[in-house]
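Chain lettering (A, B, C and D) follows the sequence in which the chains are written, and residue indices restart at 1 in each chain.
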Amino acid sequence: MSSLFDQFLSTSEAIEVVGERNFLQAMLRFEAALAQAQAATGVIPQAAAQSIIGTCKVDLLDVSKIVRDSAFAGSVAIPLVKMLRDTVALFNPEAAPFVHYGCTSQDAIDTAMALVTREALVLIRADVQRIVAALLQLAGQHADTPMLARTLMQPACVTSFGLTCANWAAPLVRSLQRLDDSAERALQLQLGGTVGTLEKMQGQGAEIARLMAQALGLSVPLMSWHTQRDSWVALGCELGLLTGSLGKIAKDLVLLSQFEVAELAEPLEAGRGGPPSMPHKHNPVASMVALAAAQRVPQRVATLLAAMPQEHERAAGAWQAELAEWPQLLMSVHGSARALALALAGLQVNPKRMRSNLNAVRASLPKEAAKEWFSPDLKQHAAQLARQQVAALRAQSQADGV
Amino acid sequence: MSSLFDQFLSTSEAIEVVGERNFLQAMLRFEAALAQAQAATGVIPQAAAQSIIGTCKVDLLDVSKIVRDSAFAGSVAIPLVKMLRDTVALFNPEAAPFVHYGCTSQDAIDTAMALVTREALVLIRADVQRIVAALLQLAGQHADTPMLARTLMQPACVTSFGLTCANWAAPLVRSLQRLDDSAERALQLQLGGTVGTLEKMQGQGAEIARLMAQALGLSVPLMSWHTQRDSWVALGCELGLLTGSLGKIAKDLVLLSQFEVAELAEPLEAGRGGPPSMPHKHNPVASMVALAAAQRVPQRVATLLAAMPQEHERAAGAWQAELAEWPQLLMSVHGSARALALALAGLQVNPKRMRSNLNAVRASLPKEAAKEWFSPDLKQHAAQLARQQVAALRAQSQADGV
Amino acid sequence: MSSLFDQFLSTSEAIEVVGERNFLQAMLRFEAALAQAQAATGVIPQAAAQSIIGTCKVDLLDVSKIVRDSAFAGSVAIPLVKMLRDTVALFNPEAAPFVHYGCTSQDAIDTAMALVTREALVLIRADVQRIVAALLQLAGQHADTPMLARTLMQPACVTSFGLTCANWAAPLVRSLQRLDDSAERALQLQLGGTVGTLEKMQGQGAEIARLMAQALGLSVPLMSWHTQRDSWVALGCELGLLTGSLGKIAKDLVLLSQFEVAELAEPLEAGRGGPPSMPHKHNPVASMVALAAAQRVPQRVATLLAAMPQEHERAAGAWQAELAEWPQLLMSVHGSARALALALAGLQVNPKRMRSNLNAVRASLPKEAAKEWFSPDLKQHAAQLARQQVAALRAQSQADGV
Amino acid sequence: MSSLFDQFLSTSEAIEVVGERNFLQAMLRFEAALAQAQAATGVIPQAAAQSIIGTCKVDLLDVSKIVRDSAFAGSVAIPLVKMLRDTVALFNPEAAPFVHYGCTSQDAIDTAMALVTREALVLIRADVQRIVAALLQLAGQHADTPMLARTLMQPACVTSFGLTCANWAAPLVRSLQRLDDSAERALQLQLGGTVGTLEKMQGQGAEIARLMAQALGLSVPLMSWHTQRDSWVALGCELGLLTGSLGKIAKDLVLLSQFEVAELAEPLEAGRGGPPSMPHKHNPVASMVALAAAQRVPQRVATLLAAMPQEHERAAGAWQAELAEWPQLLMSVHGSARALALALAGLQVNPKRMRSNLNAVRASLPKEAAKEWFSPDLKQHAAQLARQQVAALRAQSQADGV
């Protein structure tokens, strides 16, 4: 399914979370929660709800037929709802008309995407936290390890490896916080009915929404967000920012791992990093994954933003474009986070080489300039900042339960 | 200056705010605040600070020479600092070495960009607030005005024009809130020295930063954000989200203003909207401006995100790319907000046509379907939601001092 | 596999062409052609080549294991080559070292992508040709059918539906020509060995490349294009241009199919275009698919362009990003072309409504303006152009064997 | 005008070519050619044409007033035509109605953009040719200079610096060819009248177009391309491809110029490359400019592609977005080409360091691996390819009059 090149740029967990089966199951959770809430508010009969809820199991449905039929229908909800209704009708024909009652495709699909995204965010957060933990430990440990500071890709002055690590960690700590805020706003129930007015809900729309959101663990929006995509796309932007910050780490790792620099190296794993015929190759595979994500994700975010002007009550094309980009966004972000989590956990640090690279610069300069800009003692400024950062970032992380 | 096509896609105010003169003045405010803080902390002599501060006036400098020289230097800070230093030296030669003391170009430029951005945000906010006010008024006034609801560009059911307006307003109210949060985090002092360690600040770096930030009305970051671009680019994302939400309004305006639909029209102004030879033309010029912004801005945001992986302590290319996109981003966003503020303030609403379009759909359908989906009575669901929305959005706006 | 939302935005044929199985088969075709050419030039033993060629069948390999292992290896070629070598070794251990002899992963993968792309282009071309044929027929048939011409979404003057169709067709005729040129340059053998120097080919590199290219039906590049991506990405740009031209048609279709305009309608197929509960809905599903493609593909092209600066002899991240975008690009383009081919083949044209919309504009204007700008007689200018266009486009199409 | 950051990312020549004055002058050339052709075909009086042609001089108009008024009109053509008409009327009132006769704003603007683009392409071509010349010379000179070949940012094998240069040059030679083809198709007269039907040209439209195109040195399109943007945007794509190929060179230059690698260096110019306080800094400023372009231009191209679906006979927003991006595209591309032309003309090559970096890798490996992959003798494969490339590229360049 065109996923050949996503295998090593993403993770099996993320691929499964955004996969067909899990997505359809999430849609069925929507349908079950809807039936339950509509029964509780008297909008549909209790017995119908029972039948519907009992049938909302992905194992009861023919997933590949739904996927196939969606191509013709132009929507995945139409064949899913039809099959669900037909299956319900086998057991309880009177319940069938109450399947997906008063709802539109977008209600089920947007809600399912929110549920699936929540799962993906759990994966992403866990790996980002591992990265932060690894970096803060390195930052503390190497607060005093002097290292060339480079600007415009040329030696500029002295920093410490600890400060470098703190610099990498700080944006991630902020990302975790912003992701939380953003997810809270974005992971909302979608419930609008055909055109956002819940016109078939017999005046119980607000209560049904409340019950469903509670059951599904989602927020209740002020009103349906069929074409109000800002909170949702804001979450996409956050994922873009996270990918950019991870990409910064990966870019530095790649640069610092060059043979001629050799200050860092990704952990060496048998069978990874190069073809068997070239034992000398020690490719920075994890960084490569994070860099690929950092090149693809910005355009994904652009597509989400460009798709925001959605016509009238529901769009023709823009919503579908957004939907199709979203799972790939989640896959890329987790691919990047996981790759760096593994690489940073076993990062090989070479303080001797940091020192000798610094010395080589000094040796190449007149004494005065060497002393002013490249004295190893200059590390003290970096060390102090590194220690402050680590303390502040640790405090912040703990305050946020990171 | 390539600005010919920005004239009508932006505003003269925004163009001035991000213009050369204002930007250089903002850089000079940085230099003055730096001298003042360094004198207060004893890092440079008080007399030197006096001379520097007195010279930090854009009128004293040859703006066009600085601009010209920047092309050669590859940085606007280098010729500015040189000219400032030379000018200071005319009056007080001993002060000259203390100009821009211990700082790097990026410190002055990032800080200036933050100052300039703050001015642009004032412009943007004011126009978005005018849009929100106009929309909430229309939403209340037309809560009960029935209107076709359209999905996938086809009639689907009934809504009210009031609900449509509430739908347009809600994302803007949220944008104003998020912009505030985001700006607070993004509008930070930049102060790192050559490589982020403030190595020439004699241990007074933190205090100098505190004083400067206070003087300039900016936040103090945990540490320099030379290559930690997340908070800054997050503000760019917010501007992208705002542009998308404005684009949604513009797209609907254009569609509802079509001759065959004619439910809305932008206010008619003499000399606008069409060539004099075609008096029948009533072009939706404001919406056109907002739509153009909605097509350009997502790619600007993508460039900002793609530029996040900045190498080592300061980048070669990525930072410069980000800088160059930013003013154009601000210009586009204000162009869009201003255009819609003017258009919505005088929006022509045609409830009769809304009714007759609805009736035309009903007339085309079998009685049963016409009644189920297009009875004007269905407006009641929309009306109720519209009123709730208006109340909630007003409350939210007031709580936030919008 | 995240393909749920690609099902109805692409086609089953395109999904299969870029799918895992077909891609791995294409890689095996590379390996077989390599062995054959190396044997013919005496670089490897003939018997080894026989064994390798006989084993290069996707049915002999465990596809899902290769895919799984690629995640760890960071490359799909490493596990494929390993499995191929192991399988060859079962039958002929002496042949095993000659599998993939002197090649790099990128040789096999880029070549396979070229082979797969050629298959996808056949699909795309066929549907674009169907669109052109349908449009030229409509253009001829309706050369004289007067129709409102609209600029900035407002009535401006008179055109004919025939000219509109010719306007839609012309860019597609050019696209077919440019695609041919571009494909000829882009569909090249990749063969460079580890770093582009073919250092293990015993001086037979050029001859091996010639033989392989001949066997695979690809062009021979001047030299390996490991990091010379221009010809390849140029093909991606062409696909972007085609998608934009298809998007233009789709946008007009959607606008002209609005209930209030009703000049055109996509063919109605049972079960498509709306949920069963809303028989009045006649959603322009095909146009929606083409519009979604037109929103996603530009960013895909941007990613390809942004990935061009690939480091040194082979890149870390940029090449992988390019690879992962490519199949999705092909899927989107074919989805768009197929959808419009179906829609235009059965397009419902309503000349009466075109006339009555035109009359409505006339009726709304002072006599003078109505006569100057909206007299149906103005169609004659359009009719003449339409007929010229159709003739020219037919000639061009035939000349190119379109 | 927000150009502060474009100064050093572009060139003064390019900024002038796409500037207001030159653009308005190009529009006036359109108006003059129109009057002349309309007089020649008897559509307007000869005397009127004389007056109009005599007035089509930018010095006679108030440029800043036109620019200012365009903001209100939403088009630069409306105030220009008005001022031109008013000025003509001063001398020859009877000629005034024949100004811009039968044309639309887009006719003048698109044609002017084509004229201006042609000028920019002359600048761009000249610098790309200088780059090609410099690279082919280096490629010949250093065909035998051994150099580490690096893949995934790690040493992989041996190449020669000559082959590296040939690798950089080849895409540029192709770009020059493709740019020529593409420009020939893109640099067309725009002439459609209000809606593309030339309805006021008294049947002389085709002849008027032929005469005008001849006078302006542009191609005559089959029909007006108001919403057929493919040939035009194809030129934008070519510029994107060129920028990507230049970016590849710049990325390698930056990497090979790192202190720890030191195989290359940009020429050192006084006052460039670093602040005066840091004499040790030798920043790769030219590469930085090219890298910034390579990060910005892909999104510009994406905007052009995304703007292709332009509604009906002329678009609301998409055309304006395209217009505004185009000059900045040209500015970026020339900035990149010029910067690299200067840098490569004086490139500092360090063959000793190439050799010692290679030796260092050898020394780090077991003898067997060192010999197999890093023997300096391996350069012979690269040398042979380099010589072939240089010959082929020279032949190609000369054949194309490059």
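One rule holds for everything that comes next: contacts are C-beta pairs under 8 Å (C-beta built on N, C-alpha and C of every residue); 3 or more make two chains touch, one makes a residue touch a chain.
Everything numeric here is computed off the predicted structure, so don't read it as measured data.
Peer 1: Report which of B-C and A-B is connected by more C-beta pairs in contact.
Peer 2: If we tally the contacting C-beta pairs, A-B comes out ahead.
Peer 1: Please indicate which chain is farthest from chain B, where distance is taken between mean Cα coordinates of the chains.
Peer 2: Result for the farthest chain: C.
Peer 1: Using mean C-alpha positions as chain centres, tell me how far chain A is from chain B in Å, no decimals.
Peer 2: 26
Peer 1: Using the average of all C-alpha atoms in each chain as its centre, how far is it in Å between chain B and chain C?
Peer 2: 37
Peer 1: Can you list the residues of chain D that touch 2 or more other chains?
Peer 2: Residues 104, 151-153, 156, 194, 250, 254-255, 278, 283-285, 288, 291, 294-295, 299, 302-303, 306, 316, 373 of chain D touch two or more partner chains.
Peer 1: Sort out for me which residues of chain D touch chain C in the complex.
Peer 2: Interface residues on chain D, with respect to chain C: 104, 149-153, 156-159, 163, 166-167, 170-171, 174-175, 178, 185, 194-199, 205, 222-223, 227-231, 233-234, 237-238, 240-241, 243-245, 247-248, 250-252, 255, 291, 294-295, 297-299, 301-306, 308-316, 373, 378, 381-382, 385, 388-389, 392-393.
Peer 1: Name, in rising order, each residue of chain C that touches chain B in their complex.
Peer 2: 148, 150-156, 254-255, 257-261, 278-285, 288, 299, 302, 306, 357, 360-361, 364-365, 369, 373
Peer 1: Contact residues on chain C for chain A in the complex?
Peer 2: Per the stated touch rule, the residues are 1-9, 11-12, 15, 18-20, 23-24, 67-68, 70-76, 78, 81-82, 104-105, 194, 250, 254, 271-273, 275-276, 278, 283-285, 287-296, 299-300, 302-303, 306-307, 316-318, 320-321, 323-325, 327-328, 331.
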